Amino acid sequence: MEDIIVRYVTRIILPFVQLYGLYVVLHGHLSPGGGFSGGAIIGASMILYALAFNLSAGSKKLSHDVSSALESGGALLFAGMGIFAILLGTNFLGNKVAGIPIGTPGNLFSSGAIMIITFGVGVKVASTMITLFYSLIEGEDHSHDHD
Amino acid sequence: MTMIDILLRLHQNSYYFFAIILFIIGFHTMLSHNNLIKKVIGMNIMDTSIFLFFVAIGYVNGGRAPILEPGVPYTAYVNPLPSALILTGIVVAVSVTAYALSLIVKLYKHYGTIDAEEIMRIRGGDIQ
Amino acid sequence: MRFTSSFLPVWIVMFPMVMTAVIYYVEQHSEKMRNALAVGTSLVTFLSVAALYPYIMAGNIIEYKMFQLLPSLDISFRVDILSFSLALLSSFIWMMVAIYSLDYMCKEHGCNRYYPVLIITLASCMGIFMAGDLFTLFVFFELMSLISYVLVVHEETVEALRAGYKYLIMTIIGGLALFFGIIITFELAGTVTLSGATLIKEPSTLAFFAFISFLIGFGMKAGMFPLHVWLPDAHPVAPSPASALLSGIMLKTGAYGLLRVIFHVFGFEFMQREGWTVILAVVAVITILLGSAVAITQDDLKRRLAYSSIGQMGYILLGMSILTERALIGNIFHIFSHAFMKSTLFLCAGAIILKTGKRSIKELGGIGKQMPFTMFAFTLAALAMIGIPPFNGFLSKWTLSLGAMDAGVPFYVLVLLLSSLLNGLYYLPIIISAFFGGEPGHEHDHVKVNEAGYKMLIPIAILAVSCLLFGLLPTNLPFDLSRVAAEFLLRGGQ
Amino acid sequence: MSIVNHFPVLAVVVLLLFAYLMPLLMRWRKEWCVPATLGAIGFSLIASLYMMWQVMTTGPFMYQMGSWAPPWGIEFSIDYLAVFATMTITIVGLIVIYYGTQDLLHELKEQVMGWYYTLYLLLMASMIGMVLTNDLFNMFVFVEICAIASCGIISIKESRECIEAAFKYLVLSAVGSGCLLLAIAMIYMVTGHLNFTYVAQALPQVMDLYPLNILVSLALFLVGLGVKAALFPLHVWLPDAHSSAPSPSSAVLSGLVIKVYAIAMIKLLYKVYPPELLGMAPIMNMILWMATLAIIIGSMFAIVQDDIKKMLAYSSIAQIGYVFLGVGLMSESALQGGILHIFNHAIMKSMLFLSAGAIIYATGTRKLSDLKGIGITLPVPTIAFSLGAFAMVGIPITNGFISKWYLALGSLDVGRPFFAAVILVSSLLNGIYYLPIVVNAFFGEPEGAVAEPRPLPRQMVVSLILLGSGVILFGVFPSLILGVVSKAAQSLLGLL
């Protein structure tokens, strides 16, 4: 795709899209949205980048390998927080009862483990979207190679 | 029961009605189309109908988004639980869709077509 | 009545089982060892059973509960006079057959499969006779039926495999019918233990289903019409010693099971009251006539013997359906007689087939001159089969007829006579042509046919002489055992 | 608080954790993949055995996520049925994947091996989660993970049959999931709860108000879970999917996955829906008839197959019928039989599939008619196959007999001997298609590839021996497992 307009517009809006995605992820515990919505926005931004420039440029920014590693990382962060609560002596995914500092409701740094978990989910969703995109695209390429 | 009554009840429960219509459209698309992509689209329509239904049952007339803000007085909130659940449902639907699409890519690679009947024909030829 | 607990029944069942594994291990290294172990095992089993004699004759019942499989479903053993009689008989014949096999099987392939199977069938047969409840009986019955499949298809010919398939399917059907019968009994009675008390006391549709299921399950094994279809195929294709066991002993397990069902599950008064014995009588009569009549048309020697077995099993079923004391004595004694007669006949047939390779009766003219000893034994057993007076076959038929007269059904006597006539029609020609017939084919191939080796002749001789002896002597062990067992059963198994 | 108190959740989470670790390990420490997988499932096994001990000694208990009490939090309910199912899943799952570590090497490309372990662990986690959870929506999530993971372990072998079978399975199970979600929505609508216990409390109260909603939800559950459990006539996807997949996948799909949905159905029918509802519509009779048809028609289809794995797959359709027969008869013995059959069939069918896999591995043939004399050249898999066949027929001293005994007893208990006869007829049909294979395998001259098979690796032999001894062990000493099964049946019927 060699369209100058698309590339230019992409270049302009990409930071805003990503920033917005990050905002949604980080404010998951305060407002509607959260890990999934924000992660989807971030993932979409990366897909947009790869579409507007080309695949290799996209891969340079975030390769398939890294994205699938991040995918594992996000999920592990979630599970890790759950087990962390067990180590603190409460049930799985325990939050306030586990003694994780809650902070003042309404502040950015509040709700204890939820924020970290949301962040993990965001990473997971964003990287999953990218991985899905790469997988489908590469599968297509692969088939053309064979034919 | 008069016609009016029926219409009135339909209006009151319109979300049932439309969800079912969507569900049937999706189901029909899934069953009647040979194109595998269309089958996946039908599947998504079907899922969407259920999501809409689920979200609709959580809606409270005149309710607000359920965000607790200090200082704002209590009003009726929309039930957030169905929406939260449906988010999960959407995630599931997305992954199923992605997976189905990738399978279609593979099928295309093997058979050179995405038409279910064509694939059956090719397979049938294999067996004989 | 005294009940004693003894480990002996378990020993009798487990010892051959363990020895099967030992034989399986040993035979990889030494054939001699294998043969010695096989004969030794059957001998030890026979002696162990015989060791029970004083206890049993003193009127004791040995009970031993091994372990509980499911709630109120045990693996248990119980030896009463009937169990003892049949176990004694079977282990004796098994020993004879094991000795006979030493020579017979050395010409066959797959000996290493034959002996372990022979011994484990002995174990399961002992298990059937010594079972303390229907469930244990069922377990060993299935074990025996499935394992004897290997004996049936031993030769691995196309006919053997086809016959084996039929046998297998019939076995499964029979096993499932038994399963159904047992589960209904369990449902109605809450237990399936064989003891003095009858299990099912109230007649009902379900009880009738149970009876029919038992009849199918055990009758299938006993070659009862119309479930006999597997028998004429399966018995002839097996190696002769195995045929002797299949016809001589394993058919009797079905009869034994039916006896247990009649006397322990329902009780004979119940059976008489409900008139279910009529069903048994009808199929028995058909079985007798059909088996004897079809036997005449058979040209294959072993096949003729197999059909004859069907007819003879009919006698046993008939005795069971009459349910008078003398009929029952005749019934049990005929189990003995038939075991001796039929195993003699099959072993003789085996010797002939081994030496001449001929199975067709037409080709056996003049064989009596070449193998006089074998044919003499064959003649003894055949005469017993027909029911000529001094032989044991006569004694059993006589007693059966007396029983039938006691019950006031002279028709049965007619049936027995008719069947004896038919027996004569198919056995006598064999004997006549063997001794007086020409020797077709002898001129062409001048092969000198010898008698079989002594390891084969001795068992044949012992069995043939027993046929004569147990008819000749007025008080002999089998007859006494049958008498005591019949009284025991009619007393209600106490 | 020690870690053992968290075994219910750890049994699931550790599997998930390792599932996500697997792609990382694949990249950096390839040789750790196998031990990590075995270790994770082994941990779950230990956890489930511990839970079993706990439940048997102190009774069922609940585990609340994040210490949130219901109805807000998600609960795991560790009751008799759940520990029984967890134990079944982990034992069979561990043996199957131990076998798979060798068998998969020849069925899959090397670069996807790690992904296979990921999918397998996800599948195990979702199955355990499904049987433990006490929350409708949580169940739905696990159902979905299970569906995707099980499609995944089919399509990972990139042959066209696999891809096609996986697609068929995916689409049908998506329909099933749709039905499930709709059913959950209906339940949530009328009761306002998702927690099983609360739903069960609320349903009798709202039954007069919304009888149709509840009935429709039950019907949707039946269809949704029925599709996934391959209950006749919703079984169309199963033969292709289970026969084309790699053997370990087939073993775990036939042995465990379809049963887990049956367990979910049992939980819903007996723990959630009020008994009065069953009077409103002949749900149980419908299940019974579907099960009967499944038993008979599944066996009949199996008779005509020449492909060994396809035959086993059709046989699974018949066997899931047994489980539902036990569910539908509603008597204590029958329910015991049905639940017990879940365990017994898991062992038998996975053993059959694994031995079929071993035969295919060693000889390369999957046609039944080519397997003459295989018993002489490949004794271990053939003996395992024969044992499985005997257990399928229900010969005593194999575990198949015990479950048939209970099912038949149960059908007599409720005065319906017809269903006992169905069990017998199907045993006969099983005999007709299993026993000739056994006979063929032992009597006959091996030819071609059958005469000179590849040697089997140790892992495959050990797994087969373990499963085979299980068949005998639980046939001779059924009381080992019967304690928990009868407790489960009694608690479901409210007799405890």
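Order of writing sets the chain letters: A, B, C and D. Residues in each chain are counted from 1.
The definition used in the following text is that contacts are C-beta pairs under 8 Å (C-beta built on N, C-alpha and C of every residue); 3 or more make two chains touch, one makes a residue touch a chain.
Everything quoted here is computed from the prediction, not taken from an experiment.
Centroid distances built from C-alpha atoms place A farthest away from chain C. Annotation: C-D is the more contact-rich of the chain pairs C-D and A-B, by number of C-beta pairs in contact.
Averaging Cα coordinates per chain and for the whole protein, the chain whose average falls nearest the overall one is D.
Between chain A and chain C the centroid-to-centroid distance comes to 79 Å (mean Cα coordinates, whole Å). Centre-to-centre spacing of chain C and chain D amounts to 45 Å, using the average Cα coordinate of each chain. With centres taken as mean Cα positions, chain B sits 24 Å from chain A. If each chain is reduced to the centroid of its CA atoms, chain B and chain C end up 70 Å from each other. Against chain B, the residues of chain D that register as touching in their complex are 137, 140-141, 144, 147-148, 151-152, 155, 158, 160, 163-164, 166-167, 170-171, 174-175, 177-178, 181-182, 185, 188-189, 194.
Those residues of chain A that touch chain B in the shared complex are 30-32, 36, 105-106, 125, 132, 135-136, 139-140, 142-143, 146. Within the complex formed with chain D, the residues of chain B that make contact are 23, 27, 30, 36, 39-40, 43, 46-47, 50, 53-54, 57, 82, 85, 88-89, 92, 95-96, 99-100, 103-104, 106-107, 110-111, 119, 123. Remark: chain B residues 65, 67-70, 87, 90-91, 98, 101-102, 105-106, 108-109 touch chain A in the complex. Touching chain D in their complex are the following residues of chain A: 65, 68-69, 71-72, 75-76, 79-80, 82-83, 85-86, 89-95, 97.
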